[in-house]
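Two complexes come next, and they have one chain in common, chain A, joined by chain B in the first and chain C in the second.
Up next, the complex of A and B:
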């Protein structure tokens, strides 16, 4: 993208040694090395060491334990459910304010709100849902006293899987709205007009034109949302107090109180998380490249 | 046509309902601090708590340090890369993706492993916390500055200034910074909103910050946490509002997405 030839720098560059310009990057590189790469490297190394520092595959093998596999599974399920829910609902909302011909004021209102809500997360978000949907929460209370519906007797529990999903959706949904709105703005009206003039129905337009074009953006947004939920710690910690067996919660417990009695297994858990995230980011980059072909 | 717009309204109202009910519910809940009447009792109890002020001002200081150090590290680097070393851009790009690949809980785990003992025993110094916060906010600082640098002709401006005899200090403070006011402001406010209520790093490195304080309140009390949630929402709203106000009229300038959850 930035392939501007260095015209002014040439005269200077010839006077400096070849690595000269790289010296300017040194402070940042040192910072990145110390606080980004070394921590990752030490997690990687620690995953393959036993308590006395000898090389071993045992920690990685222990990731296959039923309890650890199930906590990876729960974390992936929460992330997948909220990513899917956020993608579908966020798409519909973004569609309503772009191509859905709603008044312009609603569009800017929703976008502003989404900017705020996607940043409103962690402990306060958990508090808001406890005050609303918790056992003594306002909605629970109103439903029970006015409509005679007892949410908790009906099987709902905020401090469970679905409660956590409902809470995560509060930052996932607005994030999706913010990501996908520009793509929908890019879905040009001419495509619709062209397909209609060729006799396509609304269904055919979506099935054969709009969705295939938007699919890479939708999928890449979904991956972003997945990663967003997968790494989340604060919201889950404040909401369930560590009751739900998510991987970040497990790692947190490991750091604070040595619950597994095995820090090296903790490093392996962390490595497992990073592996999932790396898969996400690779898939995301590939899909981004595809979607930029159509939507600038 | 009418039918399609009907659906748009339907989804919009459903979304609005989901967004507004928790806020309204939390607000009403926070007013019930006193038995039998609606009052701002919970709020006055929050403000009267000396811990509230202490932890908030600690996080405030950490946020300021993060902002100053983060920008001091990133801005000169990015200007340098932009002018002299465009081929190093992928390195910065990769570093801006890293905090996504390494969740905060993993980052802090690694930081503790390296810096809790010799030769670099930093774990008891707030420096480590600030360094961690710079890593967390780097993607947002990077994106904001990148947008700012793209929106102006940096090369032309610096060449013009050079030919008029300006040094690098003058160029930085009197030409580049004023032209990047908006991007820098959004970097500042986003970083602030990330750091001020951050929980994961603060709790694991055992600092008396605002995030851990809020979490502690939630364990013991009922109405004060709701009041804290409303206050946090207003703070976030104010910060994002300031960004959008500062960047009004600038097209293609997206505000940052998402913080740490």
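Up next, the complex of A and C:
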């Protein structure tokens, strides 16, 4: 005679924990639906509509205008420069606190600072830079009165492309420190020692072993920094107003502006940004997969 | 003549002394093991030879040349690490070729040498694999080939088998020994595993708290330990408190029973050490020593059967071969242990 499986309390209890973790994911899924997927859908639909709601390719076609292309170019330039600067400087700082044998206290202090600074953006950051590096800023004043260096006469302008890049670096650099530190921690001392015992110099070790191993992490971190700068709005707006023709500022002008008011073109611009960001995320994921295979 | 010579090596980390007055000479082609527990200074000494640690005091000479102040990449020393340390971004072929490439060998010579090394470790078909595509044992063989490829003067191995499972460990240690003999390379091997040290080495250095306790062949270390620490560290040992009755003749009193050792022995209170395999159940053919006790347990260890015998305040282990004809008294019955006077190691 076949035995009949009995569903007892134990079996039910063991099934619940398997379902439990999915419940924890629910708030995130709802959040993503409400604030990411639905807005994305709205952007997608709005990009192909005119003011009266009829289907049109005109908004997408307008993306090819010289002024809009230049806007994308400037945004990409700012993002690329700050991503590169953040990657190089952040890597050097992270190296110093991980493999550089600095005191442990300094490491934890710098990591805490990086955690705070990487989230310090928007109007407060813009104001902080105006107060320090603006025409009447404290650092500008000290440099001029104590050292005789006049930044603005030397060509520096906080409200320019390079001024914005400098301001962005304030959160890009610590973000890089936070992202790359685990990878540097994963770089094993034995690789360097094995390389030395085989006769390699420090340069040869970095050229053939360390940099190739860290390269996927470095590139993926740079992509993340690029995306971070690409989508920044408040800092740029508060610092430069409309002086720099950045895509997020242009979108803001299309949606909120009096003169340039064209929400559907704003949607199309946003769609262009989403496309750039999707490319960044895909590249980031591919590089991370490779990096995780090498650095445990 | 010594090929690797260490004189009065001292290594301090802050206030802690990791290695103290370490002097040793290793002959060319010799397989020397540093054996000891955690924190005894064996790895620190190895790292000083490799050039990864700078000695606080003392000197290291390789082939007669002083190397204490040479950086690691100028010493011509190959190193194998516990966790393999293969470069994860390189294939097996490139890992082995790395040392040759940085030394500026010609491509054709590199290819030839890599093939030679792959044949040595019997891994020709793995040349294009990446480290993450191989098992721990395979990775360690590649690490060995990589260390040997540039023809180093000395090969250093830092607990190379401790991350592997027991079966692979045994097979790989035989391979390491065979390769070392084939290449005739001077080798220093760090381990905490006495079986590994005893089975591999020409000589063993037993270390404790940064100091050398004894240097000798496996036979000497096992059969003639210099002190109680070495005796207890190597193999299983019965250590009994004894009172010397006649130091010249080697007459002792153990648990109220008379025991004769090879005299002369130190006088007063001493430690009598007996290897379990030197003891026999009942009367030993030499008829020299008898200790009476009670069988308290029988432990089967495969080819060996270990009898646990209570003698007053102590328990003594007695090992005997497990044969089909083996007949053992039942647990709880009185037994006597026989052993010759040569079995007695008397230490202060």
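Just so it is clear, the second predicted complex is superposed on the first by the 258 of 296 C-alpha atoms of A that agree within 3 Å, B and C clash if a C-alpha of one lies under 4 Å from a C-alpha of the other, contacts with A are read in each partner's own complex, and residues count from 1 in each chain.
Criterion: contacts are C-beta pairs under 8 Å (C-beta built on N, C-alpha and C of every residue); 3 or more make two chains touch, one makes a residue touch a chain.
Note that the coordinates shown come from a computational prediction; the quantities given were computed from them, not determined experimentally.
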item	value
Of chain B and chain C, the chain that contacts the larger number of chain A residues	B
Partner chain in contact with A:200 - chain B first, chain C second, else both or neither	second
Partner chain(s) touched by A:213 [first = chain B, second = chain C, both, neither]	second
Which superposed partner A:238 touches (first chain B, second chain C, both, neither)	first
Partner chain(s) touched by A:153 [first = chain B, second = chain C, both, neither]	neither
First (chain B), second (chain C), both or neither touched by A:175	first
Which superposed partner A:191 touches (first chain B, second chain C, both, neither)	second
Overlap of chain C and chain B interfaces on chain A (superposed complexes)	none
List of chain A residues in touch with chain B within their complex	2-4, 6, 8-9, 13, 21-22, 24-25, 27-29, 31-32, 34-36, 38-43, 46, 89, 92-93, 95-97, 100-102, 106, 110, 112-113, 115-133, 136-139, 168-171, 173-175, 178-179, 182, 227-235, 237-238, 241, 248, 251-252, 254-256, 266-267, 270, 273-274, 277-278, 281
Residues of chain C that touch chain A when the two form their complex	50-52, 71-79, 81, 83, 85-90, 98-99, 101-103, 132, 143, 146-147, 150, 152, 156
Chain A-touching residues of chain B, taken from the complex the two chains share	1, 4-5, 7-9, 11-12, 14-15, 18-19, 21-26, 28-30, 73-74, 76-77, 80-86, 88-89, 91-92, 95, 97-98, 100-114, 131-132, 134-135, 155, 159, 190, 193-194, 197-200, 203-204, 211, 214-215, 218-219, 222, 225-226, 228-229, 232-233, 236-237, 239-241, 243-244, 254-261
Interfacial residue positions of chain A with respect to chain C in the complex	188, 190-191, 193-201, 204, 208-209, 212-213, 293-295
